[in-house]
Amino acid sequence: MTFEWIQIPYALLTVFIILNYGMIMTAIMQKIGARVGGRYGIPVWQNYIDLVKNWALRTKITHGVMFYLGPVFRLTGGLGLILFVPTIYGSVMHQNFSYSGDLILALYFIFFGTLGMALGAGESGHPHSAIGVSRGLAQVTAAELPLALAVFSISLQYQTLNITEIVAAQQGSIFNWTLFTNPLAVIAAMFGFVGTMMRSPFDVVLAPQEIPIGPPTEYHSAYLALMQTNRVIFPIAKTIIYMNLFFGGATGWGAFAVKVFALYFVTVFIGVVHPRFRVEQSIRFFLKWGLPVGILAIMAV
Amino acid sequence: MNTVDEILDFAIEREQQAADFYSSLADRAQSAWMKEMLLSFSQEEMRHKGKLKSVKLGDRLLKADQHVQDLKVSDYLVDIEPTADISLQDALIVAMKREKAAYRLYSDMARTIDDPELKQMFLGLAQEEAKHKLYFEVQYDDQIMRDN
Amino acid sequence: MFEPTPQVDLSSGKYLKLWQGPQHPGITGNMALELTTMGDEIVDCKTHVGYLHRGFEKLMERRTFIQNFPIVCRIAVPEPTFNEYLYAAVVEELTGIESPERAEWIRTLNLELMRLASYLMWLGGIGAAFGQGTVYQWTVTHRDYILDLFEEMTGARVYHMYIVPGGVRGRLPEGFEERCNDVLNRVEKLLFDVEKVLFNNFVFKKRTKGLGVIAPEMVDQYGITGPNQRAAGFVRDLRRDAPYLVYDQLEFDVITATESDAYARSWVRYQEMHQGIRMLRQCLERTPREGPFQARMPNVLHWEVPAGETYVKAECTRGEYGYYMVTDGSEYVRRVHVRGPSYTHAIALMEKLAVGTNIADTAGLMVSLHTYPPEIER
Amino acid sequence: MSTATDLLERFGTNYRISEVNEQKADLTFFKVPKDQAVRLLRELRDDAGYTHLAFLTNIDYIERGIFTLNYMLHNYDTRHTLGMHVDLDRDNAEMESIHNMWAQAATYQRELREMYGIRFPGSPRLDDDFCLEGWDQIPPMRKEFDTAAFSLARFYSRDGRGTEDPREHMKQQLYPTHTDDAPEGGN
Amino acid sequence: MKDMDKSFKKDTETEFPLREEMRPHQVTAPDGQVIDIDPLQDYFCQEPPKVHAKSYFKIVEDFYNWARAHSLWILGFGTGCGAIEMRPLMTPRFDAYRYGIQWRPTPRQANLLVISGYLSVKTLKRAIRAYEQMPAPKYVVGLGSCTINGGMYWDSYNTINKFDEFLPVDLYITGCMPRPEVLMAGVLELKKKIKEGRADGANRYVENFEWYKANQKRVIKNWNMPDYNW
Amino acid sequence: MSLKDLISPFYVWQRAFEKPYTQKRPIEDRPGAPRYRGFHMNSEDCIGCGTCESICQNRAIDMVPVEGLEQRPGDSGLRPRFDYGRCCWCALCVDICTTRSLHLSNHYAWVTEDPDAFHFTAGTDPMPWNENSLGYRRDDDYHLLVHDRIEMEMLGPDESVRGFDEVMKGYTEEQAVLEADRCVECGICVATCPAHMSVPDYIRSVRKRDYETGLRLLYETNPFSSTCGRICTHRCETVCVMGYQGDPIAIRFLKRAIVDRVPAERYREILGDDVSDNGRTVGVIGAGPGGMSAAYYLRRLGYGVTVYEAQARAGGMLRYGVPSYRLPDDQLDKDIDYIRSLGVEVRFNTLVGRDVTFQSLLDTHDAVFLAVGLNQPSALRINGEEHPRVLSGLKVLDDVANGLDPGIGRKVAVIGGGNVAMDAARVSRRMGAEVTVLYRRRIEDMPADPDEIHESQAEGCTLVAQAIPVEIKPAASEAQVTIVWGEAEMVADDKGGRPRPVLQEDRMHEETYDCVIAAIGQGGQIDFIPSDYREQIEFKWNKFVPGDYQQTGLAKLFVGGDIANSRADAISAIEDGHHAARGIHRFLGGSADA
């Protein structure tokens, strides 16, 4: 497959759809969580209003160039992730540039956003940001370790790093999904998934009770809006990768919506009922439970 | 007395007499404040006279339909002969009795007369006198019967 | 015991000065912790208070005895009733007024309800401090149900101003018993859920076990009282040791634990909530429905309390709460000192326990000590 | 014989104990001179079982020119509380610190330093701000400090208030004194 | 240490000239007292705030105001008693999230400062700092009697009486303490005000900046803050 | 970490399927509880006593005048105005409210942009919650004030009828302090007291057991404190705010509690009455309370005072009209002797007009104060009045006071309902007679003290209300008399005065008594004033109408007492005397503040 200009507007359309989907889905997730707490929660369109409001705030205080670039990097990470994985398998419009990207690139983008954030937050000079960033980096690294092993495992299994091909290999029957063909790898990967979605018990990066809100402490108005945008795109992009790698991808928007929702819900399901790990506890948790499973997965293959 | 005006003139004359009576009594009174007192009675009568005059001129009307309370204070009190050293209590009794007599007079006249207009006039005058009597009765009640 | 703080050379770059509060979600109320950290580890902690200082003790010196009654409840915001009771008790002791039995029962009911409400708030706090927001949602709501009961009984949700010197301000409303029982049942059901989600949660256990251990010998040195003391293995409870009100007629257990860490303290409090419900049920059953609820009082507008001094204490949710009052026979009090347990727990003890823990644990540690800044500063 | 009298008899030989007041069965107040106070405290804590320092506070007797410190000690075994009074000179209030005996005493001493201006040499962080910040007046808990006047002078009160005394108001309305239309001089 | 040689000392004043408003100057307090102000030390945001103009198009401004009204992020700063009634507000019983209200733990992301009750001088300083750190447009709600006229602490030596002298207040809620419902009613009222475009406290603060600063300085005598901005 | 720990948290997901706790519309659906302490309401019962203001520890309440409110004694015309920038809703004001007019509604929402808006006068300003029926009310069994009067030891009716011992024993010190403690010190009574005594202040001095200050306060306005402490008509107590829910403060007896505890010998030292003559003299006609009061205050200002008294002893109506079981002679003497001890000269048995002329008084003194009182009993003016067994009440009392036997017999009818009538009845009762009191109006209309009415009833006097004597007839026996009386119906007075009785001729009664004591009122006697002066002096009915400072048109003549006011009690006479003394002082060139 080769690059064509028409793919750029197609990709933008994909991003737009994902953005809106993410907005509404995260709101629904919040409502579900609120329901467990016994309340109704925010209106589903609340995220849009917040976004508009933050764009409309007038005061902008900057702490330097990196402070400004932080959210941009972060958004780039999210967007890049989407652009180089096929959102809808087999769709011309929504396969993005997936033919040119592979898993390594995707993993890089996952990390890229975090790093950008780290730089920006570090620039803000707020100690809570700094602590949050150091925690974030440590935890993400630890959480990605099982994921990396799982990725390694399935790349051995499918003999490719190209996501499109991996998805293709899972088509046909539900039992072709990696979930069933290589369950150990999926379990290992899910450790990484849960660990990087910033939900308890692994939300020590934001940890409102400890370091008020972590890295974004100093971010406000348009910067914050940018981060909010990212915060709906990035988890979905990550979820898409998991969906593609382990759950057979999506061949239509319907399957996409259901699978992303289900995967995302896993984190909510765990998060709502658990307190938060301390950072070294979560690292230890990943090393103790995630790592062996990942190694087992490789061994199994 | 066959016309309204005549009746009124008669009544006015009576008020004038009453006023004269009190002022002459005041002239003879020994006590300083009884002079004052009796003069004020006299003035009260002159006020009544003025009122009747204005009725005669048509400035105001006498109302006959209104009920005037009769406290009956004077009914059981003894008759007093006005003297020079009359006391306040006695002066009030005299005044009450005089007004009562006037009331009787007009009431009787009203009873004997057939002409409804005149009858109305007499009743009105009787009413006036009843009011005057009530005034003195109330004063008696307040000033003399303070503890009773 | 006082130990000199290690001299920290901030310019060395190894250390980071970190302020938690006063505007910080992890701090209970409005106070600040000045942490010196090395990495995530705290090497020095200093408590800063005074953000809520209103000078109550000064204000009370210039108000008459009845005028002090509405003001004392403001001293500890989440738990005003104990102040009301203690103030009433201290004045009653100095004047020799005895509140009637019915009032004593109603007061006990009131105090135990307050204790339950306060514990519910704390339960939410400990959940939230460790990132379990759901528990917080539940408990604050159930506390609100108790506040509804208070509103019905006393006329206000938070500052009840119900226990006056001499008795209480009104009788229990009609049908209060059923509604109260209903709320108690709901709270009890909730407590079992909380046990499932919080106390039986491996993450929570991991976080709290071994956190902030109070050695038994520290208890007297630091003046630690209440559940914090009982979690260290001491069987001391003023309700049993020096019974006031009608506690000698109620059945309840003194809950203790031995581990003396954050989990043990939480568990002691959790069980005390069950004991509270048990006591409340007894109160509801046995509170007299007839009889006076106020002693004969002098004219309160110029109420002269005889000269004297005394100290009255009670077991509040956090420990020994006491009022020390000195009077000189005038219409005004000479001196009041309010002894709140948070005073030692949040300052000396917190400063000691925080050293060596993780930044992430300070909030949880504070909540596990159950401190309220307003009663420190008064 | 009560615990308190027993105890005071035990220490009475070595210490000048005065003004013993048995307030109730489990609470006794007494007074010792300043120079013996800390020694007695230590003895009470170590030998007599009064291990719990409930609080330390101060009473201002401005008319007598003294501060009276009150150490409230509790014995968990006998469930008895002792209030130990120590008189200080009000103008030059200084007291030996007991931060080495109870950890929370340092905090109380900080508070007393700030609120009354009593010095406790050696007590840690004694001169740091405790509750107040930027305080530029005399220590606020001292009796001569008028908090209402201070509050009105510094924080102001909202305008639009004004009250009338019913008695004075009725006087003006119902029986005002006649000053303008009084009788003229007669001679 | 030996005094530095004058020739090595840079003339920072000419090299980096201070803007006029940043130089130390004097303002007159409402009570006539003249107060020295050193902006570099006294202002929490290192420069005086600026008046923020409205959008050029009314419809855009209205749209923005609508969004602002429906997305009120409260700074989680409980300054006094009232904070305890703000918890029920954010929890299931009253669930203010339904109205687009959220807690924000950092002033940078909040646009509503609820002063929940009395303010001691020490807290006032932090509240001012929090307020100045909040991005405009920002709103202040005074909760409880204490913010109006001192409340029951009217004679306390450590609590202020008239909050509106120190920060521009958009709305007062009376009560001691106000029930969560009233707070909710207050927020709904504030929404109305924002939608109508009348909630311009931030601009009022800028326009009367000197007056506010003079008032603040009258009360707050110690302007040193722990080192960084939270 | 057990498996249970891993799984059990997920159990609570079941809560997701339960109905949320959220109130959909909390503002509308959650009104305050029935006992909720919301915003203030005030009913029309408020009298503006300001007790709420004095208990408010937040200074949140101002007492402010309200437009369109009728100013009357017993109502200060002020109403509480609340500052919700101060209020803390403790509801102490509700608890202490003396009339129970103040309530709290269960309305609790008030949100405004304007911080100055939170002021309102409860009950008067239109507020949305004015009609609320729920909200905090004071519980009936809950009191912050003491509503029951402290009982005073007094002779029981059985004992009291046996002699002329004083009935009221007076408060002991403890009782007095307790009674004084009930006072809320609002000051409503001051306006009602004719002498405007500083009632709350001296009550406070009783509470503080500071009788010297108390005495000084008493003597500022009333030199007959010992007397007034016993027989004052205590108008103050009728408006006392404590009377709205309980018994009014026993103000009269608290006054007595002060004087009872200060020996007469120390008066001069305590009051500091150092008299220095200023060379002017004032004549006072009548040594009753008015005259002696004027004499006291004038003497204190340094005037030479000569009192002309027709009787042999001073005290006027207090001496001859008030029986000794109400006012023992020694107590009256205590007051009068103190006044005389300052150098006031009293010429007894000196009747102006007979022994000296009025003109000579005017000539010898710089000013004259006239307070002869009402000493002429009004006649019944009904048929048969001349019967020898018809006695006047005043005469009976006079005789008893002078130790004479009035000769009333065993069965007595007293006509009248004033204090004289009551005293006559009770005196007769003490002399062993069976007493019936005939009164034209209802018992509640009686001008006598309620205490006297009750005590006389307790002592066995029969009160027959609405009985109008119509005729007196000789009885079969020479020593007896028959009275004819008719029942009365009350009719309302158009002008709002007390209802007036109307005789019902069809319901007449006849009864025979040993004597009939007429005590229907009194008139005055001022014939000694030459008629030349009458132009200058203003009268109304049988009384003087004094100008400011009790001055008459005759500049040197000041009048006071019963002859110059319509209130007819001792305290009014005392005030007149005081007022006149000030007026005379001004008139003679001094300052009116003295």
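Before moving on, here are some points about what is shown:
Note that the chains are named A, B, C, D, E and F in the order they appear, and that numbering of residues resets to 1 at the start of each chain.
Keep in mind that, in the parts below, a residue touches a chain if its C-beta (ideal position, glycine included) is under 8 Å from a C-beta of that chain, and two chains touch if they have at least 3 such contacts.
Computed from a predicted structure; not experimentally measured.
Hopping across touching chains, the smallest step count from chain A to chain B is 2. Touching chain A and chain E at once are the following chains: C, F.
Ranking all chains by how far their C-alpha centres lie from the centre of chain C, first place goes to B. Farthest from chain E, judged by the mean position of CA atoms in each chain, is B. Averaged C-alpha coordinates give centres for chain A and chain F that are 88 Å from one another.
Our note on geometry: chain D versus chain F, Cα centroid distance of 47 Å, whole angstroms.
Rounded to whole angstrom, the centroid-to-centroid distance between chain C and chain F, based on C-alpha atoms, equals 54 Å. Rounded to a whole number, the gap between the C-alpha centres of chain A and chain D is 61 angstrom. The set of chain A residues that touch two or more partner chains comprises 34, 36-40, 127-128, 208, 212, 272-274.
Among the residues of chain B, none is in touch with two or more other chains.
Across the assembly, chain C contributes 17, 24-25, 50, 53, 55, 58-59, 62, 70-71, 134, 137-138, 141, 159, 197-198, 201, 206 as residues in contact with two or more other chains. Contact annotation for chain pairs lists A-C, A-E, A-F, B-F, C-D, C-E, C-F, D-E, D-F, E-F, with touch applied as defined.
Those residues of chain D that touch chain E in the complex are listed here as 129, 131-137, 140, 145, 147-148, 150-152, 154-158.
Of all residues in chain F, those touching chain D in their complex are 48-50, 53, 61-65, 71, 73, 76-78, 83, 85, 115-116, 119, 186-188, 190-191, 196, 200, 366-367, 547-549, 551, 555-556, 583, 586-589, 592. Residues 1-2, 4-5, 46, 49-50, 53, 55, 57-59, 61-62, 93, 220-223, 225, 234, 236, 241-242, 308-311, 313, 320, 322, 324, 326, 334-335, 337, 339, 343-344, 347-349, 352, 377 of chain C touch chain D in their complex. For chain E in complex with chain C, the residues that touch the partner chain are 75-81, 83-85, 87-88, 91-93, 103, 105, 107, 118, 120, 122-123, 126, 130, 152-153, 155-159, 176-177, 179, 226-228, 230.
Those residues of chain F lying in contact with chain B across their complex are 376, 378-379, 381-383, 385, 415-421, 439-440, 447-448, 468, 470-471, 491, 493-494, 497, 500-503, 519-521, 523, 526-527, 529-531, 533-534, 537-539, 541-544, 568.
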